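In structure tokens below, several structures.
Each of the next two complexes has subunit A plus one other chain: subunit B in the first, subunit C in the second.
Entry: the complex of A and B
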């Protein structure tokens, strides 16, 4: 297209020669340094592309070899160094002392929340609510292995029924369905267990079951079914049922129990982090 | 096809070399410059006693502690809307002033104008006035030229450093940071921003100057929308001046075509061509022209602050008279006092009043204490071993005062439900006593327990209240108590 430079009648300025449906643009020249600034920006971008990873190609790290992942360890080290003074105080303190000091407690709860999400939430749920089928709730007031700070600390450190730690909490409920008790006896003892929460429907069976309970169950669960945290034996007289509260579920469990396992965290987490987790978990259930 | 070379869309920038001028407008501009620069450099050094442990700087943006101090006002980050409101007031105020008095912001108070003026003054003191500078620039490099240029840039950098340094003072304790910067003890961030603002001042006021107004600033582009024929703008009274011509020749108007108005213009334009975007309305051409009119013994005011409405009225009156003192008198008499109460001014004024009223109200009823409740969502509620139900909440109390205060926590809406705040003491009535930090947010985990015997709907509205020592309900927040479906 031929350019037709005209002089605008009103302003006396030349047009650029471009025309769009009769509209013409006046040529008001921009200072040249604007153009040079733009070129400088392009040159900067070119240098950037050479030095830094700018191309969406795997392995194109640029001449400086910078990667965000490569920079991460240094950043983490700096973060850890900044937190170390507080961590050292927490490492040296007992969970009880941490819970009693507002500053340490706030730090422990904040750090414990993150550690909980990373290490515990997979089984125990985001807020420690647990799940039926063997994942105990940490938010209620019922503790299998004890809810004092020291108990929680031991459980986290050594775990339950694992191969990781020699001091892991151990206990096993016998498989009563493998010849120890007959199906009729299991039915009777189930009736007795239901009676502990006033749900029995067959008083005669419950009475028969009471005798079976005393002989087979009371050594761990206690004569009245109140449980014993020493063996991780749950309280059978309260409203919380880890493996289900219905008659069929209780019967199935007595026949073939499924014992939960928890890893030991002593080899995975720093003692300071275990202390923080202990204090955090303790706050979930309101503490004991 | 006939080939036409396309015109260049770029041109080499011609340096504007304004001449010094004296006069009434120039005096006002000097006064405004001294007041504004004085405010800028002195303000961060003002002290304001706020008690121990609190910064005593009257105006301070404390980034590290997220506080904005302005004399007796202390703002938190969540109150940034006061800053937004102040900016809205500034913008609408600027619109109102512009529609009444034209580009007074651009011509007198804009930092770009003020610092450019300061840099031009420095330049003039070292290199001389317009003609001397043009001559110096055209000269080949000589020891004298090198010396003058060195002095000028050294002085500019000095002013720029003072400007960049003063900016830092608004974000740090001024005496402390000034001493640290002088002794090399300040942090890298401080020196970076000091360098950045030094560089931008040096570049914008030393080199970019009028190009900022003409090519960079968005404000001249849309302020035409605020101007009308009743706004005061710098105007050449062409009915008096035209046809322009030499003083000694007959048959010309009052304009002797001396070029004084062009020579003093900081943006290098000719005001006689009428209203134009690069005119910042500084009025230096008014002074320059009046100087010349005095010398050639003609009436003042060939260029003046005048509305376009009055210019048209004068032009109409001039058309029916023959040149001479009678025409001048009649044309000047045809002017009317500008109408101030125009729709746009009223609209700007109304918006200004509303925003001011809202801000004043928000400020007067600003809370120094507030409470918020976040309920746990995982789990929504917890079944307890005795059949009770527990809900967990996080309660945050914002205390904007400098005093520690204690409040009793009271749950309303669900009688019989017990509350426990972890880590809190109990008051005489057994209620949790929440002691807040001074000037901070304190957080508690609160457990509300519905006892086993109490039957509540699955979703019960409740509210948490803070009672002060006198039993007054000082703050509250709503939430819900959840439980299994009955």
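Entry: the complex of A and C
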């Protein structure tokens, strides 16, 4: 097909030379700014290939020898150098000393908040409010394993009933439904437990349950059900119920307890970070 | 610039057009094929990496089936912020037995490459059943239907398929797959032979219900081993360098 390139009268631009049933097409050139930007991109890519590892061939590391892995240690070291002076002071101090020093305390609470969000909030909630299903609140003054700074520090360091730490806090409530108590006895002792919060409806059963309680429960939960942080035994005479406050829930728990597990953070977090977390958790509302 | 150049003659000559097209396509092909010749020298060998246990493999299948990768990546990049939040950056070796890999490309939820051991089994199961009970602002859908029985009968065939794809399961692994699956889900079973085949694999009642083997068991077992195979205290950066 012969090409007949003409100049279009209206726009002053060449046509492509093709003609379809009398229709012709303009051959408008690319805008120059676009064209030169494109050339610049090609030049940039050529420089990049020389300087950085761009070719998928071993040994083609680029003139700068950059790798993200190689750059990471320097970034971590720079960050560490900036934080280390304060961190070293916090690592050397006891949680009590940190809480007493306003500068250290402010640093610990700020750092502890970040670490809490990353490590603790999944179970204990963003503000330490806990969650249903056995995840205790850290924002009240009811503590399973003790609410003093030293207690909190031990719990975070070694965790509870885990396989990570030899010194993990350990205790086990017996599975009373597996033959230790009869269903009738469990019903009685549930009635007694309800009576500790003035919710019993069957005084006779509660009286029978009191004897069962003394024999089976009092050694950990105390004669009055006030609990004992040494065994992580919760207070049964307050309004805080980890696994539900209703009669059926209490009975189900006595029949087959589900005891909580917390990981040990000694291997995961720097001792300074554990100190900061301790002080932060202590400030959440209920530290003793 | 290029005023004299015209693509007209190329487009009108089939032979020249064909040859130039072939050259262009070959360049693209070579860029993908040539690196494969050097693949042996680019694989990292890292101590501790083992194939998935049968229960974990079933869990991985569920992870893929439910499309977890659409919202969760399994790839910690070598940047400071990621190192501080998630831990050591992911190694290629850590997904060496993934067919297909689960690196993902989008984080609607957090990265899961090192989620293993971060939370308790109880937490994982409760969170899968009803995410907002534990994380109030979560937008993850609930997966409570995973409490249904696990279709364990296809375990040996799954291992066999992985074996054919190059995962180093021996015939013994395949033959014992069913037994290993039950051993891992039963903390009272003798783990000697199981742990010889799968070092440091953890037994447990992963979904909190010892009476039934469920899909929840498998998925939690898988999640709880993610990123736990390499002991980074024993591995130095020099050992990770590609040979």
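Everything that follows uses one rule, which is that the second predicted complex is superposed on the first by the 211 of 288 C-alpha atoms of A that agree within 3 Å, B and C clash if a C-alpha of one lies under 4 Å from a C-alpha of the other, contacts with A are read in each partner's own complex, and residues count from 1 in each chain.
The criterion applied here is as follows: a residue touches a chain if its C-beta (ideal position, glycine included) is under 8 Å from a C-beta of that chain, and two chains touch if they have at least 3 such contacts.
It should be emphasised that the depicted structure is a prediction, and the values quoted were computed from it without experimental measurement.
*Asks:* Where does A:203 make contact in the superposed view: on subunit B (first), on subunit C (second), on both, or on neither?
*Replies:* Neither partner.
*Asks:* Pick one for A:139: touches subunit B only (first), subunit C only (second), both, or neither.
*Replies:* Only subunit B is touched by A:139; subunit C is not.
*Asks:* With both complexes superposed on chain A, which partner does A:4 reach: first (subunit B), second (subunit C), both or neither?
*Replies:* After superposition on chain A, A:4 lies in contact with subunit B alone.
*Asks:* Check whether A:65 is in contact with subunit B, with subunit C, with both or with neither, and answer first, second, both or neither.
*Replies:* A:65: touches no partner chain.
*Asks:* Which of the two partners, first being subunit B and second being subunit C, lies in contact with A:258: first, second, both, or neither?
*Replies:* second
*Asks:* If you stack the two complexes on chain A, which partner ends up touching A:174: first (subunit B), second (subunit C), both, or neither?
*Replies:* neither
*Asks:* Contact-wise, after the overlay, does A:76 reach subunit B, subunit C, both or neither (first, second, both, neither)?
*Replies:* second
*Asks:* Indicate the residue numbers of subunit A shared between its subunit B interface and its subunit C interface, in ascending order.
*Replies:* Residues 3, 35, 125-126, which sit in both footprints.
*Asks:* Any idea which subunit B residues touch subunit A in the complex?
*Replies:* The touching residues are 1-4, 6-13, 211, 215, 376-379, 382-387, 390, 392, 420, 422-423, 443, 445, 447.
*Asks:* Going by the contact rule set out above, which residues of subunit C touch subunit A in the complex?
*Replies:* Those residues of subunit C that touch subunit A are 1, 8, 31, 34-35, 38, 41-42, 77-80, 83, 85, 89, 117-123, 126-127, 133-136, 202, 208, 237, 240, 242.
*Asks:* Under the definition above, what is the set of subunit A residues touching subunit B in their complex?
*Replies:* 2-5, 14, 16-17, 27, 29-35, 102, 105-106, 125-129, 137, 139-142, 235, 238-240, 283-287
*Asks:* Going by the contact rule at the top, pick out the subunit A residues touching subunit C in the complex.
*Replies:* 3, 35, 56-58, 68-69, 71-73, 75-76, 79, 118-119, 122-123, 125-126, 131-135, 162-164, 258, 260-263
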